[in-house]
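Quick notes on the structure that follows.
Here the chain labels run A, B, C, D, E and F in written order, and each chain numbers its own residues starting at 1.
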């Protein structure tokens, strides 16, 4: 196996990170921890973008997209945490199971 | 094996191990602080990939902003007297299967696809380039992102605000 | 908007004023003493360690009664009949044999109330303050000594007015104001 | 009485977790805390930085003062009174002596009264030096504290020179004072007063009181209304800070205070509502200046008066007839009241009760503390200028 | 590092027997250790200076016991702290409790990597140097939160929360006023920022667009004060409110690490201010840049940084501290609008061809104002030492 | 208003509930029936001619040697409107002492009453928070009563030295050492001497 990092290596790492994030998202009852899973997934996506920008033909675009992703992530975390806080105020628990109001 | 390869594998170890801690740790606060290692590791990847501006942004926003927000979130959603912030996992085994499946899928795609690998961009100064891209080619998304940030900020503030009458 | 600017300016300006003062104080003479090397000359009236001039004590116990914290304990017997008359420095005859005169300085509150009623001015506070100790027992002072040499001649034969004690004033300086009440 | 008793839950009186809301937390401030001015414990219910409720617990310095008084004779109480408000001992013993003198119907000579006034006012300056200095320290400014302490030391030097002690003087006696003033006393006091007027006061105002940060930390914080102040018997600078112009030295003069001209400063609310921390502190600052004024007048008077024996009216044996008296005096921290009951048969007081100004000020604390921030709690304690020795007795 | 490598090659047979990667790693480790040692010595000096200053401002003498004028006092204190038992209270979260001070120290020391001491003396001339220094600051924030949480103490937690809120808030005015400088210099690289200010005191960015950049300087300086948790912004460790804030439970070596980090951060922040506004390693007069052919840029940078550290200390011993809400008020309602205003105005001025290089009067203010300030301070100092005594004497006479 | 006028006014309003009065002494007062004290207090504060809006001091006194042993609670009042002073008293039995609280009238009474409960054992009916204030919460007894004797132990600690202990400590025997010779100040005291 070639130990020199190539695009595929980065993609594999990012895939693993994505899988871990997904695992966190679907197995965690705590909203904040689920959010952490989302962050991991976003990071893995970003890693892909930057890796493509480095090894691919797209030039700087990958990094620009990466920046956008970080910006969006920041906004997402702010709103999501606000929602979690509101949920906590209402239900006294940060668990996602409590957010059942929209369930039919 | 070159130095960059060593760094790559060390970073891989850090990122994946800490991400595993984030996901699997039973203590919320440990997850939150393991996230620090993950974010820093990813920033390291960016440096390795020649995206130093993005690495700085990653550090500033993820470590300085999002991580602290998450820690605040952890603390605010628990009574301050709760010393051990235990978080339970549900459906761990099916979740593992799903995650493994996704990983295998992604790995297969990543390795099998004949990516159009160009000459690539060797690591060099990117700040000016990114700046030009923001204010030229991507002006509209840039402005949209700034508006999105503003809206998210206001929205978040509005949601968490305690109503006086409540 | 106006108050915003006014607040901004006053905040900035008062900070500068304060910095000016502290800057000056960097160069003003300092007021501290380097204690063990430099020592404070205490005024003679300073109330520090209690001292008893045992040779003058007549054992009347007024000091012990005046003490608000009961740090003085005295045990005195009648002197054996027929023993030679002895006198305090101010001419008062000592009729009691003071066997125990203990002062527990760890209890003392330095109020000076014991010195005023003393008829012979034999108990007084000295400006001696360096008697800290690591053992509280060191603060129990026993003043009774069996081998004390008393005055056997009345130094002041019954005179018109008893002058303040002076003659054999010992090592420690005597408070000038601690007159007989 | 049982030798050992298991510690029950009743022993730790405090709020329980059920008393607080989900966003709230119980914060125990003290008894070991750097800025509770002694050994005070305050329980706070806080919501983040906001204080929802506060409950002071006192008694950590309780030394059975009143019980002691019943077991020592009348002059023997004076050293104990010195230890009440150990920052301003002169005022305490003066109040007690006034009470006993009232009981015995003794009036000290004008010379003695003038000396007492000088001592009391110097002590007031010294005490306010500590009060304002530590207040600055509570708010984070350390330097003014040491500048003021430097000046307090000079006053204490004079005290030591006069009566031999720096902190617990036992100087005021029933019917007189323990020592006459020494040679050169007047000059030394004049130097102190002039240094205070020339240097300390302007520097204090510029460095601390006028500082924008200090003002914004104190003005409008912890407002005590006039009604609250009177109902909770706040006295001294705390009362005057709320705008009540009442000073015993002016309104019920004792020890010849009627002979001096001075102003009674009241809180003006320059930077916000009247009765806030700033006003209380401001009253103290101005009061120092007025005290300096009284001292210089009293020094003039002392020079003109004939020297009399300062102990000529001191009774050999204090044994008042059956009766009771409640006497107040304006100590540095407010009206200090002594309620002395004599049963006519003993040389011990039958009952001595001290109404200490800090005690009542602290009892109003929880009213003012609601709704402020944690940092303001510190500012509040400091602005009430409590001395725990006096609260706990 | 290169010097070390050259040193290695002097050892006979070194080059033949030792592989290149090993000697590079060894040299790197050694160089890092040396740097760390030198940097860590700094705080020992600052603490001594701070204590002396505090003493002098308060009419005291400060430490006088250990060594002449107490010069060895802080060394003795350091030794005591290093050898003291580090107490772990029973309920702390041990791993985090240990990691937290390390993170804070790392965050503080990483700033040194880009500080330009001279055109060649620099860890690395990062393309995003100025940005990097700001970004790295967030590491200590995480460390502080970690410390506060791990201590399992309400006061520590309060301190940590306050410090996080404060540092995050003050990063914004700091970055904003940084942008002013970056716009003028046209680069994020610290080397280029310094290069743009070469040629004497009047060329410093402090005097560009006079007086706009002076305001930017004050904003940035205030923000650095807050980021270093110094008075009047020292609410995270407000000793009269929170006992000791986030390091309430720390003792011995770990406490020393917080101390080290605080003072190192102070130096880095001051050095950043001097790089951005006071010309960094550029001498106030070009003549003074070299002495006997040696570039004394590092001396200038350190001198400027120390002067600013002195101002930090001076302020600390002068001012009370703000309350939390007032602190936020200052950040969001005072500094941020000013910084935004400056960005807009200076950005506009830079695009206008007439003022692209600064106002025409810019070069005329630097020297006289500096001279005025120094003259005032020196005169007051000269006057002050006889001032007190004279006033009293006059008054009594 | 003079004390006599205040007294008359109170007697007019409350009649026989004002048990006795002493208005000529240095500290004038009236004794009020215990049950009525809260109403008298409220009246004193509300009446526009009195406006005794300030409670200067609330003290309890234990008269245990009187023919009829009793405790007194003394309310020293002051008016910031008319600048006059007056005192109210109530008599309570030594056992089972109960007094209505005046906390509603004067806030300052809150802590004073707690103190009176703490040190004298007088129960103030209707007090919102009648806890010990100066003494520890698990203290037994009320020490300012005249028949109080110190406990020997508090939570297992010996708090009162016995007579012999005090004597021994005075002699230094408790610690097994003799007189102290190493202190120069005591150098004149011989090792075995000085004992009675």
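By definition in this document, a contact is a pair of C-beta atoms (placed from the backbone, for glycine too) under 8 Å apart; a residue touches a chain by one contact, two chains touch by 3 or more.
Since the structure is predicted, the reported quantities are computational estimates derived from the model, not experimental observations.
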Innermost chain, taking as reference the mean of every protein Cα atom displayed: D
Per Cα centroids, the chain farthest from chain B: C
Relative to chain A, chain with the most remote C-alpha centre: C
Between C-E and C-D, the pair joined by more C-beta contacts: C-D
Taking each chain's centre as its mean C-alpha position, how far apart are chain D and chain F in Å? 21
Based only on mean CA positions, could you tell me how far chain E sits from chain F in angstrom? 59
Taking each chain's mean CA coordinate, chain D and chain E are separated, in whole Å, by 43
Chain A and chain C, separation of their C-alpha mean positions in angstrom: 78
Multi-chain contact sites of chain F, meaning residues that touch two or more partners: none
Which positions in chain E touch two or more other chains at once? 57-60, 154, 317-319, 388
Could you check chain D for residues that touch two or more other chains and list them? 22, 25, 143, 147, 150, 207-208, 211, 213
Help me check something: in the complex, which residues belonging to chain B touch chain A? 1-2, 4-5, 8-9, 12, 15-16, 19-20, 22-23, 28, 31-32, 35, 38-39, 42, 45-46, 48-51, 53-54, 57-58, 61-62, 65-66, 69-70, 72-74, 76-78, 87-92, 95-96, 98-100, 102-103, 106-107, 110-111, 115-121, 123, 126, 129-130, 133-134, 138, 141, 145, 148-149, 151-153, 155-157, 159-160, 162
Contacting residues of chain C [partner chain D, same complex]: 7, 10-11, 13-15, 17-18, 21-22, 25, 31, 42-43, 45-47, 66-69, 109-113, 125, 175, 177, 181
How about chain C: which of its residues touch chain E in the complex? 4, 8, 15, 18-32, 34
In their shared complex, chain B is touched by residues of chain E numbered 21, 91, 93, 96, 99, 103, 126-128, 131-132, 134-139, 141-142, 145-146, 149, 152, 154, 157, 161, 164, 168, 171, 188
Residue set of chain F touching chain D in the complex reads 25-27, 53-57, 59, 61-62, 74, 76, 80, 83, 87, 106-108, 110-111, 119, 131-138, 140, 143-144, 148, 151-153, 155-156
